[in-house]
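Order of writing sets the labels: A, B, C, D, E and F. Residues in every chain begin at 1.
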């Protein structure tokens, strides 16, 4: 695997948004099964598209969460709530996003978003108080 | 139907985002079949949730589009591209949103978003030049 | 293909719900490409599950439409609105179903349902007046 | 928050369908994060749409479940199985709904519905025997 | 229930792909609630469509997994990874399928597929070593 | 944009599967709006993932179609039917794929696949006879 500046930028953004557990810990412990997928995430996702201008990172977190709530991806909603908070999303913005999703995705999608938000915001407050 | 301040605010926002064709023309020509649905859209959607603070209207247009692209709602993508442009979305922001959707929703969703964007942005340029 | 009583019952129900165009016209003009799929629809769908007791046919039309609205299958919504009207669904019940879908599937799903309902109910009134 | 007759009717229906745990316990313990969403559920969902004539409550439970099975919302399927039983749905009707979903949503959706039904119907029998 | 050659062929394929736990154990312990659904799975799914020529069983496992990843059916992905391995799918083919799904379904779908693959392939290696 | 060997391989595969209309015609006429998306399709999709060993191209076409049918992407189903035929998919394999999708995605998904298959296979026969 080539580790050039695109790769490095992707890894740095992963570290910023998800900590070492979502960056080095994952890319340094890949197996034959998942090494290419990890490269795709680092290089194409966080090293290319997420690096582009035109939408800042906080806004990219917001639209990412909108897409994840819409498609019912509960696991990734939690991951990107953490990443979004690292990118500056506030509790108020998260609440408004989940409320807004009720309009276009229905109550079950919104409730799933709120369950994730309650959990991750509580975790985030604990970390801040530690 | 009660036409109070919540209703009026919703109708005004519909007019701002979609013109008379997406506001008076629809609510004044309702039938037994669709009058309650039109009230839901005016009062609950644009008169309540869209009126809240915490996310400005341009950002609400952006997350609305993110949800519509994620769920493959081609018809509404076009409607909310028009509304989003009225709320201040730029061509660059629309492009970045569609590109970003490739990551979380796959190529077909992104391509569907780009097809709609090409169409509505061309229409928007024509109107500006008229 | 075996044409036994299950097959016959399925074909008769297709004729009742969709007319000859959705029954004989389809099963008698199959090709190598679609003959097995037509048999699946006649035998497994309308000849088995739809024949069961426990939910009457009007109610089966209602839950079928609920599933089609939820999954955004616009083409089949139209087909099953016609079939549902043949099974006794009223305009009021159709309206309430579409309104109800707003709660659990969001506005775009409901609006898609209403667009189909307007079209098929108009067609149905014309036929009644002819 | 205004607590008028629409709000009261919604809360009463929530209590009827889900018990105190799905009514008072939730609306009296809201936080800044979820108070508006709880109001949406009480007022717009159960206080408005669910109160309408044209489809009785048992039928509304049935179409709600049809939509939840179609969109794979396992958590809400369980909640609305409980609510549906409170609204009069029988084991036979629940079985036929899940079987019917196989036709329009595929085997995985139907199996997910059956897993939820087995769990909630067992729970319901225990409560009846207690 | 009629137990003819179609039924027998379906049960045998279920046993081959999922072991006794996914075959006899399920069909011999049915209840009023799930007996028809079990018959549908044995007779229509594994006794008819899966028995057809034109696509071999390994390829049918691959396209089944593609559909399950695309629709986010995590529970069935695990079941059909086991069935696919019994039908001859290799670790390399499973990896490539999950990577490929990133293109058409997005990263969350692919990551969900990889999580299931890691789990089931580890289980499969343990069984082979036992 | 860098046009290296990965880019060239991607463009060549696009040309092989979709003709000049799906290759040069698209990448040489990009605008500010879609140039990056076209690069993503050429480089990441057809220049990287589609180039990998482990699944041959015909099999990749088959799983791509499985994903597109499952997610209801009618437009892309047509595009990838053409590409799949170029990669060697036969009418029989296409029929079996669509039939198989009935099991895991339901009748509306399968019927949508058959409608696309009828259209594209007719087009393909005409071209062969021309």
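Throughout what follows, contacts are C-beta pairs under 8 Å (C-beta built on N, C-alpha and C of every residue); 3 or more make two chains touch, one makes a residue touch a chain.
Just so we're on the same page, UniProt names per chain: A, B, C, D, E, F = 4-carboxymuconolactone decarboxylase.
Note that the coordinates shown come from a computational prediction; the quantities given were computed from them, not determined experimentally.
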| item | value |
| --- | --- |
| Per Cα centroids, the chain farthest from subunit B | E |
| Most distant chain from subunit C, judged by the mean position of its C-alpha atoms | A |
| Angle of rotation relating subunit B to subunit E [CA atoms, steps of 5 degrees] | 180 |
| Length of the line joining the C-alpha centres of subunit C and subunit F, rounded to whole Å | 31 |
| Subunit C and subunit E: spacing of chain centres that average the CA atoms, whole Å | 30 |
| Subunit A: positions in contact with at least two other chains | 36, 44-45, 52, 68, 71-73, 76, 95, 99, 102-109 |
| Residues of subunit C touching subunit F in the complex | 32-34, 36-37, 40-41, 45, 68, 71-73, 75-76 |
| Partner subunit B, residues of subunit E touching it in the complex | 102-109 |
| Complex contacts: residues of subunit B adjacent to subunit F | 72, 91, 95, 98-99, 102, 106-112, 114, 117-118, 121 |
| Subunit F-touching residues of subunit E, taken from the complex the two chains share | 44-45, 49-50, 52, 54-55, 59-60, 62-64, 66-71, 73, 76, 92-93, 95-97, 99-105 |
